[in-house]
Amino acid sequence: MEHTYRLVVSCPDKVGIVAKVSQFISEYGGWLTEASYHSDQDSGWFFMRNEIKASSLSISMREFKDAFTPIAEQYGMEWTISDSNKHKRLVILASHASHCIADILHRWHSEDLYCDIPCVISNHENLRSMVEWYDIPFHYVPINKENKAKANEEILALCQKYQADVVVLARYMQIIPASICQHYSSRIINIHHSFLPSFIGANPYQKAHERGVKLIGATCHYVTEQLDEGPILDQDVIRVNHRHSKDDMVRLGKDVEKTVLARGLRNHLEDRVIAKGNKTIILD
Amino acid sequence: MEHTYRLVVSCPDKVGIVAKVSQFISEYGGWLTEASYHSDQDSGWFFMRNEIKASSLSISMREFKDAFTPIAEQYGMEWTISDSNKHKRLVILASHASHCIADILHRWHSEDLYCDIPCVISNHENLRSMVEWYDIPFHYVPINKENKAKANEEILALCQKYQADVVVLARYMQIIPASICQHYSSRIINIHHSFLPSFIGANPYQKAHERGVKLIGATCHYVTEQLDEGPILDQDVIRVNHRHSKDDMVRLGKDVEKTVLARGLRNHLEDRVIAKGNKTIILD
Amino acid sequence: MEHTYRLVVSCPDKVGIVAKVSQFISEYGGWLTEASYHSDQDSGWFFMRNEIKASSLSISMREFKDAFTPIAEQYGMEWTISDSNKHKRLVILASHASHCIADILHRWHSEDLYCDIPCVISNHENLRSMVEWYDIPFHYVPINKENKAKANEEILALCQKYQADVVVLARYMQIIPASICQHYSSRIINIHHSFLPSFIGANPYQKAHERGVKLIGATCHYVTEQLDEGPILDQDVIRVNHRHSKDDMVRLGKDVEKTVLARGLRNHLEDRVIAKGNKTIILD
Amino acid sequence: MEHTYRLVVSCPDKVGIVAKVSQFISEYGGWLTEASYHSDQDSGWFFMRNEIKASSLSISMREFKDAFTPIAEQYGMEWTISDSNKHKRLVILASHASHCIADILHRWHSEDLYCDIPCVISNHENLRSMVEWYDIPFHYVPINKENKAKANEEILALCQKYQADVVVLARYMQIIPASICQHYSSRIINIHHSFLPSFIGANPYQKAHERGVKLIGATCHYVTEQLDEGPILDQDVIRVNHRHSKDDMVRLGKDVEKTVLARGLRNHLEDRVIAKGNKTIILD
């Protein structure tokens, strides 16, 4: 993968933003390898992502930041710049089910997913051996009605200790408390095993089976304090029919879950996702 | 299309049903061109559809019915036999939108959809010329708050006069009263412009746009007295993203709506659909 | 649809192109409603499409063109600017099959496809009544071994008389001679009824059936002198199985053909397609 | 999974086959949990798969076989009966790429794929640790121009020693010699990384990239002596565009490859696939 800097910006739309930003980049020799823009008619906001060849820039990232700050202030921008070589640190929370976490670990191990995975946290022990095969620390944090608050504190402490940039709930079947949600706003990614907003909450395959739908799906979204209501990163579906039992749906759904989670996560890791209100802009 | 008889049966499951029925068919020389079975573990019911080459049978359909009746009674069967050469009579109800009705009429005219279309009923005049180009009578039945009951009576009377076997709501934006629902139980087919059970009721594309879903869909279902809650015949989706306005979704959704409606309708016309509880068995 | 100008540019890639062009646009007050860029690593070319709100520009299109020309020359650009209010003139060539042309005409009539359709040309008479219902002139140009050259001259003359901007082969089953291909380079759009490069040439469904594929497809491409080898605009597929006869495939394929053709055509009409070598860049 | 016997039959089509077979099954108390039939118009052959609840049969499998043999002979049937509890023995051949084998091993380990995996054979060492984590013997059989015949003998010997019922080529990039093909006719399953018949042979993603296709795919097929020409079990595709490099296609294609291979393999393991000529009948 080429070494790049990713400049991601959102601000109120007006004439001349692209000109200003691209003029700035080009002044320092910046070669765009990718550029995506979106002008949102409803909100009147503008979104942009510029991917700049690192070797083409005549200044350091720190100098870039300093020089860009006045422009950002002038236009009222929310912005980040990130270095493609600096891997985000991904902490995975898992429960008993293995398909999503196994998929992420394999992609990471195959160098198809650029990130570091400093640890896995789970409320079950069954995945320890798989995780440790990858030389990743595994933390067992059992959670139940009695110890919930304390367990969640421990999880937050682990995320902080391992300097998580992003937290993935890989079919982690526990509710994330507001405290953690706020701490990692737009940085906790969940995979819900239904095509949201259908079948919010528990047992979506059971509900899908009862309703007799002809497609089942999965939804990758940022976690907010409202259960299964956060901004959607990606969704997909798979065809089912009357011959499929609820257990068949569970099995078929796994393939959709892991694919959708991997796609959403990938976009997040590549700084392609901007959450605005309850929606996402995916700049690809 | 080959001339066949379609024997469709559902009954409580037990050993020997296939043997009994296929034995019966074979006794009279019946050559199966297609046969589908489904044993539903949840309900304990059995479903079967046999398509029999008409020319192979040594008895008439009437004789077949008489001879089969004792078997049907013995096994507690719900059953129908239909003649592929006897086209079902399809009455279309439409409003202002043309895409679904235009699609059905073109498929029928191209002989891709085997049915008769004795009339179209609409609460708008704008589709008259298109319908009449196909030499199909067009009935304008305006409907509003004041005349609702009377208009629905007129619609029911027209359906009966034209001996409708099946009624299709081709984006007909009015609620069908219980009286008509009961009259044509499992024979009124609606296309709803969302992936049910998401976005029941009015303005589903608006709601989808607000929720920020990444796929929009359409659902073909039998109409029951519960709005958008009837048994689902078919569903499909199409990918959307942040660049799509609500109007784009409306436009993109049209392609899904007409395709899903055509598939569901086709299965109904070929006697492949059995509604059981709030689900459908599609024997293809 | 908002009134915009579409500036579409391709040129050898180098630092500062976006800056230069967006600077130019912003100088004259141009408000970008959409902007897409692509930097092709293999060829070293850069591609961009800017959609500019017409009302925001302080100069006329003619003045824009004059002022932009020096920049274009400096960067060695191939470029066009078009007015979204000036509909492209689309001439349709059809044979006997009606599904693709019926679909295009319906989309155009429903104002889902922005273009003018000055005439339809066919080597069969069967579609005349459908075309004339839309008040579009229908020209019957029979073609056979003996009159081929003359018929093609007549077709070219008609396209020129009607000032075609784009020619669509809506399942027109005749080979387009080099003379016409050259005249409308990257402006003749064909729909081939297979997933190219599989099953080039005649009878693709027959070949697909014989090979036992599990998906059949359609391909929308620009016509070049090499049969079915031109740059691909869009493709799609639909699932089939052992129960589908070749005739079923023909029927199922129709839905894919018309959808793929409509998508490709739409992108062309919106100036989103740049053909480069034997590939297309679709700037959406 | 319920314990069943699967009776799979193919024979020249004639009146009364279903009656005869289902009569036979029902005589011994056989309860059908699933039944699929296909009458092929082109070849005049009939195909059937009956899944019978094991506990419902009043006779043993051996007795069943003995009693069924005269019927099979009478109708000229090719037939098998298998016990769902008796897992097929699956030998995996792999090269360097890990995605397909990792996917199969994970499904097997999660009990989503019913089979035994007595060993993995590879011409590279890199997957040893992953395979051994699952407690599966790993055999390294390097292969090169010089030792090809001998290496293939060794592979065949290993397959026989481990009593392989089915051999999966999980992106095993070597050609299987005729001797092994014949030994395991319709029992060697390959995943080819293109949508066959497009891009037969080496480097299909490179070829797809050069042709500018808008979808890439994968094909699961039985291996025959003709490279990439065997009967197709399953296929699928994924959308790509001009932004995707050949390496992106390789990465995106992996998801399709492993899904398609898993689906094809699953159908094979459940005795749902009948190869007839160069096509497959999938009785699901």
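Going by the order they are written in, the chains are A, B, C and D; count residues from 1 in each one.
Just so we're on the same page, a contact is a pair of C-beta atoms (placed from the backbone, for glycine too) under 8 Å apart; a residue touches a chain by one contact, two chains touch by 3 or more.
What you see is a predicted model, and the numbers here were worked out from it, not measured in a lab.
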item: Between subunit B and subunit C, the fewest steps along chains that touch one another; value: 1
item: Most widely separated chain from subunit D, with each centre as the mean of CA atoms; value: C
item: Gap in Å, rounded to a whole number, between the CA centres of subunit B and subunit A; value: 41
item: Centre-to-centre distance between subunit C and subunit A (centres being mean Cα positions), rounded to whole Å; value: 37
item: Contacts with two or more other chains, residues of subunit C listed in rising order; value: 34, 41, 243
item: In the complex, subunit A residues that touch subunit D; value: 34, 98-99, 102, 106, 110, 112, 129-130, 133, 243, 251, 254-255, 259, 262, 284
item: Residue ranges of subunit D touching subunit C (in the complex, touch as defined); value: 38, 40-42, 195-199, 210-215, 217, 231-237, 241-243, 245, 278-282
item: Subunit C contact footprint on subunit A (complex, rising order); value: 14-16, 18-20, 22-23, 25-27, 29-37, 39, 41, 56
